[in-house]
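I am attaching a structure below and will ask some questions about it afterwards.
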Amino acid sequence: MIESREAVTRMIVAAKVRKGIKWSDVAAEIGQSKEWVTAACLGQMTFSKAQAEIAGRIFELPDEAVAWLQIAPYKGSLPTAVPTDPLIYRWYEVVNVYGSTIKELIHEEFGDGIMSAIDFSMDIQREEDPKGDRVKVVLSGKFLPYRTF
Amino acid sequence: MIESREAVTRMIVAAKVRKGIKWSDVAAEIGQSKEWVTAACLGQMTFSKAQAEIAGRIFELPDEAVAWLQIAPYKGSLPTAVPTDPLIYRWYEVVNVYGSTIKELIHEEFGDGIMSAIDFSMDIQREEDPKGDRVKVVLSGKFLPYRTF
Amino acid sequence: MIESREAVTRMIVAAKVRKGIKWSDVAAEIGQSKEWVTAACLGQMTFSKAQAEIAGRIFELPDEAVAWLQIAPYKGSLPTAVPTDPLIYRWYEVVNVYGSTIKELIHEEFGDGIMSAIDFSMDIQREEDPKGDRVKVVLSGKFLPYRTF
Amino acid sequence: MIESREAVTRMIVAAKVRKGIKWSDVAAEIGQSKEWVTAACLGQMTFSKAQAEIAGRIFELPDEAVAWLQIAPYKGSLPTAVPTDPLIYRWYEVVNVYGSTIKELIHEEFGDGIMSAIDFSMDIQREEDPKGDRVKVVLSGKFLPYRTF
Amino acid sequence: MIESREAVTRMIVAAKVRKGIKWSDVAAEIGQSKEWVTAACLGQMTFSKAQAEIAGRIFELPDEAVAWLQIAPYKGSLPTAVPTDPLIYRWYEVVNVYGSTIKELIHEEFGDGIMSAIDFSMDIQREEDPKGDRVKVVLSGKFLPYRTF
Amino acid sequence: MIESREAVTRMIVAAKVRKGIKWSDVAAEIGQSKEWVTAACLGQMTFSKAQAEIAGRIFELPDEAVAWLQIAPYKGSLPTAVPTDPLIYRWYEVVNVYGSTIKELIHEEFGDGIMSAIDFSMDIQREEDPKGDRVKVVLSGKFLPYRTF
Amino acid sequence: MIESREAVTRMIVAAKVRKGIKWSDVAAEIGQSKEWVTAACLGQMTFSKAQAEIAGRIFELPDEAVAWLQIAPYKGSLPTAVPTDPLIYRWYEVVNVYGSTIKELIHEEFGDGIMSAIDFSMDIQREEDPKGDRVKVVLSGKFLPYRTF
Amino acid sequence: MIESREAVTRMIVAAKVRKGIKWSDVAAEIGQSKEWVTAACLGQMTFSKAQAEIAGRIFELPDEAVAWLQIAPYKGSLPTAVPTDPLIYRWYEVVNVYGSTIKELIHEEFGDGIMSAIDFSMDIQREEDPKGDRVKVVLSGKFLPYRTF
Amino acid sequence: MIESREAVTRMIVAAKVRKGIKWSDVAAEIGQSKEWVTAACLGQMTFSKAQAEIAGRIFELPDEAVAWLQIAPYKGSLPTAVPTDPLIYRWYEVVNVYGSTIKELIHEEFGDGIMSAIDFSMDIQREEDPKGDRVKVVLSGKFLPYRTF
Amino acid sequence: MIESREAVTRMIVAAKVRKGIKWSDVAAEIGQSKEWVTAACLGQMTFSKAQAEIAGRIFELPDEAVAWLQIAPYKGSLPTAVPTDPLIYRWYEVVNVYGSTIKELIHEEFGDGIMSAIDFSMDIQREEDPKGDRVKVVLSGKFLPYRTF
């Protein structure tokens, strides 16, 4: 009996390490971006039936695990409120240091509201630079204004 | 006596509201991006002497406040570890939901290391879209590999 | 110098107690629901210029406070992550006890996504009942599906 | 030996995924609302003997699990004080942003007291809307006044 | 300008110390139990107009403070989630050590539901005992069963 | 090997559910109050040898578990500092709302000191009431004055 | 108006620094141990009228402050749950590292119960030692057995 | 495979309960104080090879466990930052209530520095008293002055 | 199936204890500093294929574990935000007590920026001293200035 | 009236900004290292009378402030348990990532014990490097072995 989506995530990660699979290859087979597919494999998104079956084949998952992949998961991928891993912490630091700036500038441009984290996409790329290559990340989220009522 | 940079930030924010100043206009006068200038005005970055004097003129700050703007501040712009403001929370949510994905993909492309939050820039723009305009944010940070020793 | 929106909220609340003003009367003058107007007066929403001027007149606020009311505020109205006030705690308890239920049923009906807290409205009414009157609250939030990308 | 109600909840959830059961169908068989039945299946409410036996049949539970379903459980369905799942977080955000508003308006209408979370019901429905369907939730809780003594 | 009920509580406590007033005498004048009156003076309950005026006279409060006493306060009288004061901590310890026992026995007698903290009263008395006097506290709260729906 | 008292508590609770045992019957056999016996069965008190053997017979425990029941346990029966279960939370709320009141009144009657949670007893009873039965709880704790030294 | 005992503590500490007073001299005048008197001056114990007047004379306190010293204070002298000051942290560390040992040995000697922190005294002395002087602390607390009921 | 010192601690505690061993007898065999030996058995101190072998014989531990006893452990014996067990909590309370007093008196006697928790010993004894026996604890720690540099 | 790098770390630590291996010997075989190799063995750094195979041979790890050693791990080696172990706590204390000093002096020398914890090395040595040997630690991190943008 | 050492720290920091003083110059006048002097000025160390008077002259402090500088302060220079400032966070990250490594290597070299944070010194220097200058920090702390007793 598989008791949770986390158990499926652990199966996927273990299979990935054991078999030396790359996320970008999984993404190519599933036909979505590497960002969305990785998030889905790590238990944050819901696969369609077809997508789940491809993932099941790649990671050699049992049928019950494939069923779990089609269920909307309890999201949140970090073990602590403030992440300890340095790579992920730097993102938390950006939110902490620049959070008030982001808020001010979005409000200045759009008025009161938010940038959606649901109607949202992300693209991570290498940016070549002679002083050392850079990670370039493009985030795009629909602006949602507060409605009066 | 001005006891802290936070006191200067409060003066700037109060002057901005009272006088109806826009961050983008401040940025144009100071000659840096609106993102950096706003962060600096909100107490997260250090102004040069020339920049501090321009800011002092715009926000009608006393000399002591202009001196504070040139001192490296204790950074962190949020009152709680998990932000309560919905706009800023959405960013925290992105780190929480996509954090493990970002980590996996940067490691897949670059190996072990981090995306710098110091040698870093950010650009926030409106992306027009018939289904509702979007907020587009481009982040660029130098990749720093772990060194062995 | 008024340093923050919280200072304006304190002025409004003190004036309301001192003068015996009712939220529903403020709402009628401003021309929005009592729920939205109360939230805005308590520092959670942004007033238009016309609305702010009405509020300023009702609560006898200085011009600088009226300017603050038109600025998108840092939201969050509770002093602790788990609220201590019994009335508000009961709502937190509903989220705690029924949270997983709400999640399951929205996903069963709509698929993976969220109920917006931005494109959102709330209506609080007395429901007469011979066994003791009830508080009836209707919440309505747009369903936002996760997009694949 | 089944050591806790949580173990029974995990059995139910795993059976639901494995067999593709819908909460609304379970509710129809048990003869209560889908909201109450889902909460009960997720370990938040107490089944009667007859209800527990129906649930046991649907989810193919052993007798010991059926006995556990009739015991008042230790309630609380979220793993952290501030929920990380975006759908559930939006509800927490409503409590955080509108909590003081809800408090003010209930007190204005009813005086000092609370809206019960025990003598309470909830109804979740789809509200069709050309601009995008909405989730409509009706909450009804008895008003309980503080008694003097 | 009095900005909050806490400010009124501080005025009351300071006047009590300065003038050597006893809570039981305040209670006798107001005509409620010493338990309820003390809680109300400490900012946890709402006074009627008549009661507030008596309190105002005893503690020599300004009119604005008397108005605040008639407003339902944000409740919670402890500065930290786990109280540091030894007397109050012992009560927290009782909840911690005997909490599961209380839950089991109320459920065994009444079924699933709660003991109300709103329709609730408390009586604190000295119980003479040759081995050392005891504090006897009688708590009485209405049992509220969970309703199915 | 039984590694902890918690393991014995889980055995007792599982046996109670499986066999449909009532706490009051266990108390009658052991010859102490239902409050003390339930607390002891839930891992908060230490049984004598004779008491442990009766409990072992009722719950069909192995000898090693009977030994554990005679060892002073690490006490504390709640999984979080602020309890999530509504019944237990109401007690925490009483401490939070009335804590400062309890403190004031005990000090007014007895001087500085505490009400013991060790030389302590508790009695939980049904109080019949036409408006709905009530839970009556009598707490009795020795007053312990601070000594000067 | 003096609003709290903490305000009196701050007055005492400021006077002590300004006038170069020693705690042991205060203790000698008041006629109790230096440990108890220091705790009382720091807001943790209640002075008798005579003692408060001596303290008031030494620290040149106004009458209202002398009244506050005779009121049982809200105890707890540390700003955070885990103390940051190294001297005090070492004591917290002793509780953390040796806590389970202390528990085991007191139970082995006395059975289940506690060492009172109320019927308690403390004596801090210099212990001369050629390898470096030592701090010797003697704690004495009455053993309080749990009573069955 | 034994994965951690905690696993060895659980083996020791289980054997102690099962076999009815006393800490003072273990101490006598190992030839150190009961305080040190209990701390070491509970995973807080490092045994020498000879001491570990004696402990291994007493508690019937496998060779791998005896090896673990000779490794410096990750220390800290409490499951939460604020201990829930009443006996241990009283010690935490002493630190909380008397912490600032201890700090003041050690500084008054010794100057700035700390009382070591490493070059430290503890002795726990029964102190007979007609009003009820007392627990007497003597702590002795080397004073370590801050050095200037 | 090995589900995580932590599982591999536990295997390595258990093998080290069981076989009596020294970190410095592992470092010599792998050909990096003892500091880097220990961090890598404890799950904080990524091994190359050749390094992982040497580690696998020394600690007798299965192939799947050797694969895990080559994957960038989720970093963070402490079980709590404030470490309880005294040796590690002393480092946290240094950050707490001297953190603002370190910040001031690095800014005075270098301007605004940070000392990298990624382009970083550490060297731990014994420093002989007649008054007691000392631990000497040399940390070296690249200075990274904030860039304006 | 100056109520605390923190007030003196704020005076010093404000004077430093206002007058453009450098820490290294203060250190030269006081005759200790820049590391110790900065820590002392920031409220973490105790000045001698002579040192305090020099500091008082440099920062133009009143006599009462000079008296405060000679009192052992309550130490801890960070506003939150996990620091938000990026420069200081990197140090916390070193403790988090390398903490277990530091522990293992000090124990391997010295046995069980700690590196003192009291008998401790620190030296911060610029290390020139063609690939970008580095911050070199040398920490030296006496090793303190646990004593058996």
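Going in written order, the chains are labelled A, B, C, D, E, F, G, H, I and J, and every chain counts its residues from 1.
Note that in this section contacts are C-beta pairs under 8 Å (C-beta built on N, C-alpha and C of every residue); 3 or more make two chains touch, one makes a residue touch a chain.
Heads up on the chains, UniProt names are A, B, C, D, E, F, G, H, I, J = Cyanate hydratase.
Model, not experiment: these values are computed from the prediction.
Asker: Equivalent interface to H-I, which of C-E, C-F or C-D, with over half of contact pairs matching by residue number?
Answerer: Interface equivalent to H-I, from the options C-E, C-F or C-D: C-E.
Asker: Per the definition at the top, count C-beta pairs in contact and tell me whether B-I or B-J has more.
Answerer: Output for the comparison: B-I.
Asker: In angstrom, rounded to a whole number, how far apart do the mean CA points of chain E (Cyanate hydratase) and chain I (Cyanate hydratase) lie?
Answerer: The answer is 53 Å.
Asker: How big is the gap, in whole Å, between where the Cα atoms of chain B (Cyanate hydratase) centre and where those of chain H (Cyanate hydratase) centre?
Answerer: From the centre of chain B (Cyanate hydratase) to the centre of chain H (Cyanate hydratase) is 48 Å.
Asker: Quick one: chain C (Cyanate hydratase) and chain G (Cyanate hydratase), Cα centre-to-centre, how many Å?
Answerer: Chain centres of chain C (Cyanate hydratase) and chain G (Cyanate hydratase), defined by C-alpha means, are spaced 46 Å apart.
Asker: Give me the residue numbers in chain C (Cyanate hydratase) that touch at least two other chains, ranges are fine.
Answerer: 35, 71, 74-76, 78, 81-82, 84-86, 93, 96-97, 100, 103, 107, 113-114, 116-118, 120, 122, 144 - these are the residues of chain C (Cyanate hydratase) that touch more than one other chain.
Asker: Go through the chains and record each pair that touches.
Answerer: A-B, A-C, A-D, A-I, A-J, B-C, B-D, B-I, B-J, C-D, C-E, C-F, D-E, D-F, E-F, E-G, E-H, F-G, F-H, G-H, G-I, G-J, H-I, H-J, I-J
Asker: Quick check on the complex: what are the chain G (Cyanate hydratase) residues that touch chain F (Cyanate hydratase)?
Answerer: Touch list, chain G (Cyanate hydratase) to chain F (Cyanate hydratase): 32-33, 35-36, 45-46, 71-72, 74, 100, 103, 107, 111-114, 116, 118-122, 144-149.
Asker: Residues of chain J (Cyanate hydratase) touching chain I (Cyanate hydratase) in their complex?
Answerer: Per the touch definition, chain J (Cyanate hydratase) meets chain I (Cyanate hydratase) at residues 22-24, 34-35, 38-39, 42, 44, 75-78, 81-83, 85-88, 90-110, 113-117, 120, 122, 124, 126-127, 129, 131-144.
Asker: For chain J (Cyanate hydratase), which residues are in contact with chain G (Cyanate hydratase) within the complex?
Answerer: 1-4, 64, 67-68, 71, 74-76, 78, 81, 117-118
Asker: Hey, which residues of chain F (Cyanate hydratase) end up touching chain D (Cyanate hydratase) in the complex?
Answerer: Per the stated touch rule, the residues are 10-11, 13-14, 17-18, 20, 79-80, 82, 84-86.
Asker: For the complex, give me every residue of chain E (Cyanate hydratase) touching chain H (Cyanate hydratase).
Answerer: Going through chain E (Cyanate hydratase), the ones touching chain H (Cyanate hydratase) are 82, 84, 86, 89, 93, 96-97.
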